[in-house]
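In what follows, subunit A forms one complex with subunit B and a second complex with subunit C.
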Partner chain A sequence: MVNGLPGVTALLPALLLAATGLALLLVDTIRPDARSNTSMAIVGAVGSLAALAATVWLTATGVGSADAGAVYLFSDAVKVDTLGLFFTAIFASVTALVLVAGHDYFDDGVNPAAFYSLVTFAATGMALLAVANSLAVVFVALEMVSLPSYVLVAYLKQNRGSVEAGLKYFLVGALSSAIFLFGISLVYAATGSLILADIASASIEGLTGVLGVGIVMMIGGVAFKTASVPFHFWAPEAYEGAPAPVSAFLSSASKAAGFVVAFRVFTEAFPLEMAVSANVDWMLAFAILAAVTMTLGNFAAAVQEEVKRMLAYSSIGHAGYALIGVAALTVDGPANGTVMGAAMAHLLVYGFMNTGAFLFVAMAERWGVGRTFADYAGLWRRAPVASVAMAVFMFSLAGLPPFAGFFSKYFLFQAAIDNGFVWLAGLGAINSVVSLYYYSRVVKALFLDDPASPTALDAVDVRPTALYAAVVFAAVATVLLLPGFGPVIETAEAAASALF
Partner chain B sequence: MILEALMAAAFVGALTVFLAPDEWAGRLAFAISLIPFVGSLYLWSGFEAGGNALLGGDIAYATQIEWLEVGGRSVSWFVGVDGISLPLFVLTTFLVPLAIVSAWTPVDSRQSQFYGLMLFMEANLLGVFAALDFFLWFVFWEAVLVPMYFLIGIWGGPRRKYAAIKFFVYTNAASLLMFIGFMSLVFALGDSVSSFALPEIAQAVAAGGLGEWFGIPPDTVALFAFLAMFLGFAVKVPIVPFHTWLPDAHVQAPTPASVLLAGVLLKMGTYALLRFNFTMLPDQASMLAVPIAAIAVISVIYGAMLALAQKDLKRIVAYSSVSSMGYVILGLIVFTEYGVGGATFQMVAHGLISGLMFMAVGVIYNTTHTRMVGDMAGMADRMPVTVGILVAGAFGYMGLPLMAGFAGEFFIFVGSLSAPALPYAPVFTALAMFGIVIVAGYLLSAMQSTLFGPFDLETDYEVGPAAFHDVAPLAVLLVAIIVLGVAPDIFFEMIRDAALPVVEGVTIDG
Partner chain C sequence: MTAVASSIPPTWYLLLASAVFCIGLFGVLTRRNVLYFLMSVELMMNAANINFVAFALYYGDLTGQVFALFVIALAAAEVAIGIGIILVLYRNFGTTDVTVPAEMRW
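Here is the complex of A and B:
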């Protein structure tokens, strides 16, 4: 029972997203003309905001909190707790932003229904992934996220880059899904269960080798979804080739979906004590991945010439930071919950600032001003509001103090230090300094550089209202999350602490 | 809540001005900037001195509201002023309206954005001087950089991009170093502090709360923290050899931004040095007294020598700021009542005098379109009032009695001649005094060749007296400089009250 209502109420956010996807298909059936673009954007945005509202309502009323206890449904295959709700809030917010922005991006495109419904169905998969308590549900939900994503990346089917990116994404994705599934089967072979808690309590005598291989393969699946080393190759191509709103969706929401698997499955199915005693130290594996991922992402981003590709590599770098949440853990560590909670808060803030940055790129693509830093020169003169928003995103991604990105990074590094991982925090800080270089290049181009030619800015001829609204909203959220960081970090820490 | 109200007025004013049309953005910004000024006068009139805010003294107009918690320590919205921060708070609210008026003539594009950024910067500057919680302070400290970066980068001179990026990179790298230094101090304090409130941290350090951190002994941590913070703030001040961003930033910045940069932003560095390094870690400071005093004297002499070699009037004033800041460092390191108090007083005095100099040079440039010493002569002929005020300001710089600069430097020298904490204090003082001679040398020679003699400037435009609204802020500044020189006690009383606990915090060997 949830607030006196049937238990399934706890699944309201996921159900609302699914219903929104179906409603979008219905709208398309009733009004298959071009004008339905607006009505579908409204339906999609309202549906995802309703899912967000439901999430906030459930969290506020204490559903799944440590005091009330998690809500188990469908023979324990689903477990709704604060962790799941927190991530659902990230997914729903990003989905709403992307759907609103999509309205203007696909203004002159054909068949917008596919875009809106695929994004919503992928979001449904994410919401399910966030509450999955069984490896079978995890896999099904993961595929539910992946399959629409492949199509979305190749959405501009006349565009060679988009199709190539989609194919590459699909091939790497199919391979990593297979590896992940094989890992699940090995874990099942070793423990005889798919429910996370039962895996943890199963006797694994003599089968630790099988379990270890299974865990390593599952790490591979997580690395693919979060765009972390060694399965990050697809990310720059896919983010660059895909339509920019899709890149925003993949690099913010889909990445967070990968992290919810890492956070929940590894800590619940393979508790820290068991991992250490069975010699399958997945924390160490994640620590190495985190270090390599953040360094590679940041240094690769520093040498890019195209803004979207730079953002793609920066997104890999941020995956490295968030991985600290599953890397800087020790048995009986004093700050296990804090460090994972900080990583969750970082993902929330990242959801706004990174989505906003990609949506600004979407706006530049809509105008057709070009893709490189030099093409962005002097955009401030024609589009001051959007440029200021982009400056907010860049400074926040770099972790400069007046914006939310400063707190989320600082809390993460501080928690890592408290848990004894000074080297990881130090590496993160060094990478943050490097990142300031390439993020500030965007700001320099927008505000300080003169346009390449007097006519270069004539391309900025339309004011896409919905796209503007999404970008400005993301910027306002990025700023307001600084004073409002307290409730976010408290919720996240409470949710993460319940796992240990 | 009055401090918050003044900051909010500047912040809301900034948003309003952003949206205002260009035609009257400048006037609107000026009107709005008078609100914090009048408010700060009210603060001043109601202020009663009560010791140092960090060392257990009274905190005037304080508010403390819990914000969030990190690693078991609370971060709060904690603002308040004492005898050290109030004069700087008043200085900021006083300079901003004048800087805004001085922008009316030179700034002719994108006015609403320009004045909006000026007010936005004021809000953050007030925050820097009022904040008493480390995180809150750091947020304001960094937020000051953003508007200044845009002011230099968009409205600056020909090499504005280079100057803006250099400014941004230097000061951000310095902030990171300082942040690491302060955090190591907090980590070493361990459980003996429960918040990031600066008074609590300062008092915990004074009470010997520093412990081992990862096996590093407390003294080493404190020394590391002192050095990291000192280097971080040294860039901001700036102290030789970290001063190279300053002339670039100053020369390229538009005049109103230069006024705030020299008048207030540099004081952030010395204010932070006083608050963090010298108040929290006095023993480390007195341990390093000789090298720091040496750096201070080098800054005085080297900055003055560099100024002597310049041909650009703005560069001359910029380098002489390096020299003046050297006096402030010398005053701080000697740890005497007059030294520390004089240094704080000199921050205010230099803020007014350098603001006046930059503004006057800007007014001349608006008319002549050149700042090169060799290009013009006899300006006194065409712009008698402006030149008169510029000369008066230059004498203030040289330390003419009854002007603010004299009072500040006099206090510092009185304090440093007989300083028990600094070995060879008379030698350092004598060397620093020699700097004044060089200052007089380059200011007099620059004025001699540009301002006096027969008028000579080849132009195809009219060179005449400046408009009333260009000269009025200069006159107001000059009056303030003289008032502060005649009656230094209006500030020095409260400064001394807040400086004494700092001086008493140091242990002097032998």
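Here is the complex of A and C:
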């Protein structure tokens, strides 16, 4: 460990997030009757930014890098490496954006104390998930993410849409976590261990079938968390019904949390050679899921009339792109580390642009201008800065050249081709073209269309400062990731290569 | 391993756990009342617990038994959240039937 600090320092990001959650509860305890909205937003934002700073500091000092070796804690149940720190950076950034945005979203609503602490506790679970090295920790951390998320989706408890969304999210979530757990129990039955490296080295005597069923069931759990086919049904409902900052949190951070499970667990516990020799080819399963998910997500998004629902389906489509990171792997493939690293970089860029897009929807909900494309017509006349930011998000999500989303997609498809998955890259490119259609519909509505009536834009009368700040910050990050993409992709590829 | 436990081959535990899991899954797919849904999910999680405990004994390894305790705690937390959501569901829709809330199209 660097500078002679104890090994537990490597868990600093997760500890800081947990302490932030507790501090938020403390603020609420001191003044339970006051609406300490601003102080909570400040405490939450400072805490999550501190976690982000700690993550960057740990990465910069080389903790868990391939040279220094990963930091193992708690009898190998936790393994802090660059992969975990990279994902923790995504979680902490999205959490900070969502907490700041929450300040204005709930302005005249209910006491938002629970919102801030639940988001922070879910982020703690994600930070723990990113460094989990045992299936037991994976499951506990996954539940730590899921349980606050169910409540957050149903947060507007007087709102029928929010409650319905929370119910559907809970039903699919409880079912898929039970399936995931049963998968873990079958893997344990076949290998006798829950530590990832020990599962990989265990000798399986005649229980290959049990292991195979276990792996398939675990894929189901991952598919739920990442909102991929066949467990994607909850996503459009939950994202549409939930408060928009919660949709942003779920579709960016929670989705990335699902991918960290896929990236780490499957490559470390079920190495490629073993998967092929034991005839449990999970790479093929992920390839099929990736193809179906991106196609379904993008084509369903193209026929939506509501912007939030369109973003929900587009988020399913992006899960399909990121799944290429675990699908386009082959035994001794030349670009295994590159393709997974590119998927990680895509998730980072996606974290900013997708959060920003949902936060713009949050602003529209705050104004009460309506939910459909037509309701957004001419918004730039009243909100030029936010509209320009939204255009940046849309073009970046579509993957147009001058934005960060283009580079992450380009690297991803290129690496997939290098590894011999031309069909997957080609399908991704076709889907990107489809996505350009519905993303540009938003930009067209914002800038080119005339408002339905002269009074249609009178709703835009408040200036939610914190929401504006979060949206503008996300847009700046999306643009700044363009010159800064080199270090990001290098870190991601180094982190992913350490897994093979 | 005790004499009784070692006299039962591990396959039988797997069969028992799979049977309990399938009963739970059947309940999830057929029942329309959310409370039955919660009970069915509980069955599915406890099926996993049977596996954990049985194979902890089989391998002479405590990991599985300890994890089963974790799972019991998590299942209780999940039910607590679930009951809360069912409560707001009932207040808003006046029912615990999962097919009734369909304001958003699929």
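Descriptive notes on the structure:
Throughout what follows, the second predicted complex is superposed on the first by the 495 of 500 C-alpha atoms of A that agree within 3 Å, B and C clash if a C-alpha of one lies under 4 Å from a C-alpha of the other, contacts with A are read in each partner's own complex, and residues count from 1 in each chain.
The rule is simple: a residue touches a chain if its C-beta (ideal position, glycine included) is under 8 Å from a C-beta of that chain, and two chains touch if they have at least 3 such contacts.
Predicted model only: the values in this text are computed from it and were never measured.
Look at A:188: by the touch rule set out above, it reaches subunit C but stays clear of subunit B.
In the superposition on chain A, A:433 contacts subunit B only, with no contact to subunit C. Of the two partner chains placed around the shared chain by superposition, subunit C is the only one that A:167 touches, whereas subunit B remains out of contact. In the superposition on chain A, A:154 makes contact with subunit C only, not with subunit B.
In the superposition on chain A, A:449 makes contact with subunit B only, not with subunit C. Within the superposed three-chain model, A:237 lies in touch with subunit C and out of touch with subunit B [touch as defined at top]. When both complexes are overlaid on chain A, the residue A:60 reaches neither subunit B nor subunit C. With both structures placed on the common chain, the touch criterion links A:483 to subunit B but leaves subunit C unconnected. Touch counts on subunit A: comparing subunit C and subunit B, the chain ahead is C. Overlap of the subunit B and subunit C interfaces on subunit A: none, as no residue is touched by both. Put simply, subunit B touches subunit A in their complex at residues 67-71, 113, 138-139, 141-143, 146, 150, 153-154, 160-161, 164-165, 168, 172-173, 176, 180, 187, 214. Subunit A makes touch with subunit B in their complex at residues 335, 338, 384, 395, 400-402, 406, 410-411, 414-415, 417-418, 422, 429, 433, 436, 440, 444, 447-449, 482-483, 485-486, 489-490. Here subunit A touches subunit C in the complex through residues 136, 139-140, 143, 147, 150-151, 154, 157-158, 160-161, 163-168, 170-171, 174-175, 177-179, 181-182, 184-186, 188-189, 192-194, 210, 233, 236-237, 240-241, going by the rule given at the top. Those residues of subunit C that touch subunit A in the complex are listed here as 10, 14, 17, 21, 24, 28, 34, 37-38, 41, 44-45, 47-49, 51-52, 54-55, 58-59, 61, 63-64, 66-67, 70-71, 74, 77-78, 81-82, 84-86, 88-89, 91-93, 98, 101-104, 106.
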